[in-house]
Amino acid sequence: MSSDRQTSAPLGLKIAAIAALLFLHLPLLLIFLYAFTTEDKSFAFPPPGYTTKWFGIAWSERPDIWPPLFLSVKVAAIATFLALILGTLAAAALSRAKFFGRETVSLLFVLPIALPGIITGISLRSAFDIMGLDFSIWTIVLGHATFCIVVVYNNALARFRRLAGNLIEASMDLGADGFQTFRHVVLPQIGTALLAGGMLAFALSFDEVIVTTFTSGQQSTLPIWMLSELIRPRQRPVTNVVAVFVFLVTLLPILAAYYLTREGEHIGGSSK
Amino acid sequence: MSSAVRFENVSRHFGSVRAVDGVTLDIAPGEFFAMLGPSGSGKTTCLRLIAGFEQPDEGDILIFGDSVAGVPPYRRAVNTVFQDYALFPHMTVGGNVAYGLMIKGVGLAERETKAREALAMVKLSGYEDRRPSQLSGGQRQRVALARALVNNPKVLLLDEPLGALDLKLREQMQEELKALQQDLGITFVFVTHDQGEALSMANRVAIFNDGRIIQAGTPLEVYERPNSRFVADFVGSSNVLPPDFAARHGGVARWTSLRPERIKVSDATASVADDHGSTEGVVHAINYQGSVTRIGIEAGAVRISAAVPAGSSSTKIGDKVRLIWPKSAMTAMESEA
Amino acid sequence: MSAPAATLDVPPPPGRPLADIFFSRPELLTLLLLLPPLLWIGVVYVGSLFALLLQSFYSLDDFSGLVVHEFTLATYTELLEEANVQIILRTVTMAAMVTLACSIIAFPIAYYAARYAKGWTKALFYLAVMMPLWSSYLVKVYAWKLILAKEGIITWFAGVTHLSWVVDGLLAMPVIGGPSLSFSYIGTFLVFVYIWLPFMILPIQAALERVPANLIEAATDLGADPRQTFRTVIFPLALPGIIAGSIFTFSLTLGDYIVPQIVGNSRLMIGQAVYTLQGTAGDIPLAAAFTVVPMVIMAGYLWMAKRMGAFDVL
């Protein structure tokens, strides 16, 4: 609602709103705090002391962190790569063409994120069982790539829709065929949307735990490692250090993606 | 003499809608040709058919004698100035103008030179490094023009390019476009719904309605001798007199067009020369419109509108007057529609 | 023979023949573009969904521990056993409670942001709500484990403000209480509310922003006091947003198994049941049958929500 008169909000409302916002943000701050505590056997508050040693310990004395980290990065990279290609193709096809069954196809591309992760997870698990497929990095990638495709697709589609149709006509009018038009006109226009979609997909894949527990068998990605640490903790502050790390690795690309997709058509590729 | 553009009984349908319905026309080389008509009349579709964005369902289109059936736009020696300019937002003005050359593989130095020349031609020298978002509507329009012209097209198509400009700018651009076309000698095909624009710029005008050409001719022909009520109404506004009325008042027994500005409003006792037609009537409306005053008269069952220079008449509503006009100003039309 | 005058006579680039085909047959291009992603989603995703459905009609052989790939309704019958029904009811109740709490807490923020925040404050609010939304899910759950721990910040705060008796009283309550906040339904409830709150705030804000201010003025002009205006004008117009948000909170709670595992008592929710069943037990058919339950519930919920206009807000 836009109100022309600058009425000020009632005090109760302001307090309630601010309280709710604090409720949203304080827990995250605590994670940061607990990465510095000296107490490693419990979550005592207030922390008895402060130290930065856990960062060093996490880096050098916990070899069990590295394999999950590498696996997470590998899976996220492969899934994002697949998603960029398949998601862009789908967005290109659906943004302009009208064909029979278009609505259904659109719905199909929403399902992977519309339905809860547990459904995706158990569905894939069911399929693996029926097909007799063993767990491997590829079973994990299969799950991740599916929702990554949707993420890239959404970003690319929104940008394709904003691409004025007559830009393509203008390009062709000036002598460029379809491929040349794609290279010189379309790609620069959608470039940042693809970048944003890719970053978003990477972050979501890196953070993903629900589908992964169903598709990974004995392997651990970093979130799965964190999950087992949550259930049976060893050095709690080390888990906090990893949590801080995961928090940053997922939040920063998402923020960047958000920033990129707000800029509009002014960000573009090269100009000759 | 071959035409620059020739339509041979061209039709284009979209589903059950016949956007272009059996159109035949010839555009001469070096001509400034206007396609005029209301929205949905098929003029824009015809333009797109020339450009290559649409293919005809029936008939053939020839550009300088060669059929362009199945030839995509990027292979035609034709360039378009789009209605909303369609400038590439991610390129500079210079990049936009040089785009066609870049696609053809012209070297960087030569491209830049030609782009600069083209921008100079549209009076935008020095704007090479700006971005389209930094330009005003009129400036973007000039860039679109330069971008098309730099490729030396055989035919230049303009799709209502002046629609988004305000009146003063539009009039200025009309003059510039006309001058440019005469300098370059390129065939211009211009689509507009503004009849004043078409009449002032074009060598010849084609009037479209419902996918067909109703009348084609010079601006004078189309204005003075409309062949139908539609043209009479669309191009300027005209009185359309029923056959029996026309026959009794100096004309023939056909639907007749009579332009308001050819009618003189005198008092009821004025004398009438032999070569003039006249009628009596009662003034029912007076409309001051700046340079002219429109006077509405009831002559029995027929309503006639006269346009007189402002300040030249002192009639009032309810006055009995006599309308006098030259018989030669009456144009018998072929059809009423 | 010279090139036709109407066409350009420049050497065409290498991809030109293919480009020409795509231009004259655009359907071909669409097909080529659509096929790979469609195959993926169709085969991998939709195929798996069918596999899921199929599995729910299979059964587990108790002796061999293997899945018997034969059509039967035995698994669904098993689903209707007392213990399993309890799990379902427990989860649905939690989902409902969480949805209710989220609606109540989200409303002030959404209302303030929609009606009173302007310019940079609005952007700030938006970002302030989005950031927790975008933060890692697992990290958020973990944060609450810290907070709810017996020796954690809540206990400390209660001690400092002499409100320990409130916390102890809550924990002593039957069913929802427990040895500590992180081992009780209350804890589970709090974490769910926290994590899904942004999903509720945004649709409500969107719905409220679509209410023109002059409606409120009209109501006041016609004699309504602020409470009546809220009840008769604002709330009904915000309702589609609340329903839209509730779709998320309800559906996400129904399927979640991590939160109850980390912060909860040992009684299972649907998600946990599904997880444990397909894990060591290998009872994929029953797990599949369990999953069908939230799917059916949500399908019904969505149908109702659509009828109440929730989709216009999303």
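Miscellaneous remarks
Every chain is named by a letter (A, B and C) in the order it is written, and numbering of its residues begins at 1.
The rule we apply is simple: a residue touches a chain if its C-beta (ideal position, glycine included) is under 8 Å from a C-beta of that chain, and two chains touch if they have at least 3 such contacts.
What you see is a predicted model; the values in this text were computed from it and never measured.
The interface with the greater count of contacting C-beta pairs, when A-B is set against B-C, is A-B.
A comparison of C-alpha centroids places A closest to the centre of the full protein.
In this assembly, the chain whose C-alpha centre lies farthest from chain B is C.
Centre-to-centre separation between chain A and chain C, using Cα means, comes to 16 Å. Distance from the chain A centre to the chain B centre is 55 Å, each centre being the mean of its Cα atoms. For the pair chain B and chain C, the distance between mean C-alpha positions equals 58 Å. For chain B, the set of residues touching two or more other chains reads 72, 74-75, 78, 104.
With touch defined as above, residues shared between interfaces to two or more other chains in chain C number as follows: 8, 10, 20, 23.
Residue positions 175, 177, 180 of chain A each touch two or more of the other chains. Interface of chain B with chain C (complex): residues 62-66, 68, 70-72, 74-78, 104-105, 154. Those residues of chain B that touch chain A in the complex are listed here as 51-53, 72-75, 78-80, 82, 84, 86-92, 95, 98-100, 102-104, 108, 131, 133, 147-148, 151. On the side of chain C, the complex with chain B involves touching residues 4-8, 10-11, 20, 23-24.
On chain A, the positions that touch chain C within their shared complex are 1-4, 7-9, 13-14, 16-17, 20-21, 23-25, 27-28, 30-31, 34, 42-46, 85-87, 89-90, 92-94, 97, 99, 105, 108-109, 111-112, 115-120, 122-127, 129-130, 142, 145-146, 149, 153, 175, 177-180, 203, 207, 209-210, 213-214, 223, 226-227, 230-231, 239-240, 243, 246-247, 250-251, 254-255, 258. Contacts from chain C toward chain A in the complex involve residues 8, 10, 12-13, 15-16, 18-20, 22-23, 26-27, 29-30, 33-34, 36-38, 40-42, 44-49, 51-52, 54-55, 67, 69, 105-106, 108-109, 111-116, 125, 128-132, 134-147, 149, 151-153, 155-156, 194, 197-198, 208-213, 216, 251-252, 254-258, 261-262, 271, 274-275, 278, 284, 287-288, 291, 294-295.
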